[in-house]
Amino acid sequence: MSDVKKFMYLNRRAPYGTIYAWESLEVILIGAAFDQEVSLMCMDDGVYQLVKGSDTSQSDMKNFMPTYRTLGDYGVRHMYVDKASLEARGLTQDDLIEVAWEDFETEEEVDNIVEIVDADQVAKLMAESEVVFS
Amino acid sequence: MKLAVQVNEGPYQHQASDSAYHFTKAALEKGHEVFRVFFYHDGVLNGTRLTTPPQDDRNIVNRWVELAEKYDLDLVLCVAAAQRRGLVDEGEAQRNGKDATNIAPKFRISGLGQLIEAAIQSDRLVVFGD
Amino acid sequence: MADLHTVNKSPFEKNSLETAIRYSMAGSSILLLEDGVYGATKGTAMEGMVKDAMGDKKVYALRSDLMARAIKEDRVIDGVEIVDYAGFVDLVEANDKVQAWL
Amino acid sequence: MSDVKKFMYLNRRAPYGTIYAWESLEVILIGAAFDQEVSLMCMDDGVYQLVKGSDTSQSDMKNFMPTYRTLGDYGVRHMYVDKASLEARGLTQDDLIEVAWEDFETEEEVDNIVEIVDADQVAKLMAESEVVFS
Amino acid sequence: MADLHTVNKSPFEKNSLETAIRYSMAGSSILLLEDGVYGATKGTAMEGMVKDAMGDKKVYALRSDLMARAIKEDRVIDGVEIVDYAGFVDLVEANDKVQAWL
Amino acid sequence: MKLAVQVNEGPYQHQASDSAYHFTKAALEKGHEVFRVFFYHDGVLNGTRLTTPPQDDRNIVNRWVELAEKYDLDLVLCVAAAQRRGLVDEGEAQRNGKDATNIAPKFRISGLGQLIEAAIQSDRLVVFGD
């Protein structure tokens, strides 16, 4: 068995109403140290995790949304968003954050790794993963 | 207006405890009476003094304690729910042979009758949960 | 006789909003809070249901929860009234009782 | 204000998957001592709480379902079941427990206080209640 | 490549079963457990969806959870295979990975 | 087969901990190896020794402890989740100035890296939650 696995973090929950979004993000941050091949999949209410403009100044809750923008620096290579989930919620790519990625060895750069995918692609991407974190 | 507040979820995991806190605080600041805040189901977990949340996050337990100190609030944890989930005061520790307690100050453990009584005595019952 | 119904679930995750609308009387108030505020957004698959409900019910949404979820005022369905916690307390007082659709 | 209030216990959760059904039942049992006017309303997955034939012998969980049959003795006067919720789940009154009720002072008896009600009745019954427990 | 998808939510409360069906590949296995076993019942509003899924996927339900919820074998949709925890373990072993639709 | 098990919910409130226990026990009885059981989110609440469930109900915490004793299981509570929710061992009590501990025997508190490592080292990760 190779020591590099394809990790998929599956996010289906809205932020703030429950802690799942935030604590799942903590797994990704810690997981970066293990140098796996990491993707994120946002579907259902999980697409709300990537919507920009969160303001918790009147909630007395920690605003963890800016952390998503840094995931490229934590070794996350792809952040997929399910198209149908996004559309049902009246959202478009313009509503979502942009996350840049750079390979410091090859100097390969990607401006934005947030990518909208359709149902067939979602199914295929999840099937190709080796470990799914829920 | 006299209010009874019920909290069904633990701190951090669900926002219910946050909402209940902000609602209770707003009611008190408006001069309303809060007859009792009753913590049920996982809500009893709000009453532990052993939490250490991250420095840059809110301290949900301490917030309740401070509100209770300021307004002399009655914060009650349901005893049956507390026993299942390991919330213990001195009395419970003695009765059930536990070697430690974890209840926070200003909270007390009592029976479900306290919820029924609060619902009867208050003008409104407001429930926060999952 | 008028009641306040609170809904704290995303309408895309659970049917609480739909059920609250169906089983509340004309003249009721519905307050969206926590993840429930997603139900107050324009342009979603749920917008029609909420607009229909506003024919004979009043719909409110909690400001701090809208803000945390990046729902700006111009994205809130017209006619939904935005309230803070003090307004929440007033709604509780103005109605005969509160029913939480958890 | 009278000391007798109309209590409505609103049950919308399935038993066993979460503890809400069981701990809500405990509230009703304890509440009996306070002699209020008590009704139960089962809708959505809450209708599953009244389905007969539960067997937890292979689950190592406490089977609390028989307790529902005794609620007439605990001062519960009505156990309402939402018709639409029942039908969506392919259930009929035959699938539900029967709960007897007797007034020991007047000797009035009711064979079964489990009653299926339609949406308009549900809304009206809830509106007429003075306190709703969720 | 074949995966085991676990669903522990009532299909009437949350869309996990629907999502698991829609986003799993042909040849996948779906195990219903906890409140998820309600999805295995005959005669419900969800039966058609489950039967359709069984065209190219295999559906399983956990026996102890069916029993606790009073779902007798004759009420289980034909073709849904009932397994115990040992069978659950075998399914985990037989598939490449497990995906939990929480 | 080598298994990693993740438990996301506390005992009693959700059935997830029951399911995880029965699955883990069945796997061990079939001779499979369980590399680690990792408790995350409210799952850390499975690791308190202060519960007193009703006499006629299962004791979820003790069940885990006994399984760990029999099979030398590694039961790990996530430290960040444990701090938020008041799960404390000796080390945590010292570091965070707490006057009591509540962790049950056989459980240990450690970092999220333990979950990642378990996922890498095991053939399958099986997650139980809400």
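The chains carry the letters A, B, C, D, E and F, assigned in the order they are written, with residues numbered from 1 in each.
Here is the rule we use: a residue touches a chain if its C-beta (ideal position, glycine included) is under 8 Å from a C-beta of that chain, and two chains touch if they have at least 3 such contacts.
This structure is a prediction, so every number in the text was calculated from the model and none was measured.
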Among the other chains, which touch chain E and chain F together? A, D
Fewest touching-chain hops separating chain C from chain E: 1
At the largest C-alpha centroid distance from chain A we find chain D
What is the chain whose Cα centroid lies farthest from the Cα centroid of chain F? C
So, what's the distance in Å between the C-alpha centres of chain E and chain B? 38
Rounded Å distance, chain A centre to chain B centre (Cα mean): 35
Just curious, how far off is chain C from chain B if you go by their C-alpha centres, in Å? 26
Of all residues in chain F, the ones touching two or more other chains: 8, 12-13, 15, 22, 41, 54, 80, 125, 127, 129-130
Sites on chain A at which at least two other chains make contact: 16-19, 44, 59, 61, 131-132, 134
Numbers and ranges of chain C residues touching at least 2 other chains: 8, 12-13, 15, 34-35, 64, 84, 97-98, 100, 102
If you go through all the chains, which pairs of them touch? A-B, A-C, A-E, A-F, B-C, B-D, B-F, C-D, C-E, D-E, D-F, E-F
Chain A residues touching chain B - in the complex, by the definition given at the top: 16-19, 59-62
Can you name the residues of chain A that touch chain E in the complex? 10, 12, 43-44, 82, 119, 122-124, 126-132, 134
Mind pulling up the chain C residues that touch chain E in the complex? 12-15
Which residues of chain E touch chain F in the complex? 6, 8, 33-35, 64, 84-86, 88-89, 92-93, 97-98, 100, 102
Going by the contact rule set out above, which residues of chain F touch chain E in the complex? 1, 3, 8, 15-16, 19, 22-23, 25-27, 29-30, 32, 124-130
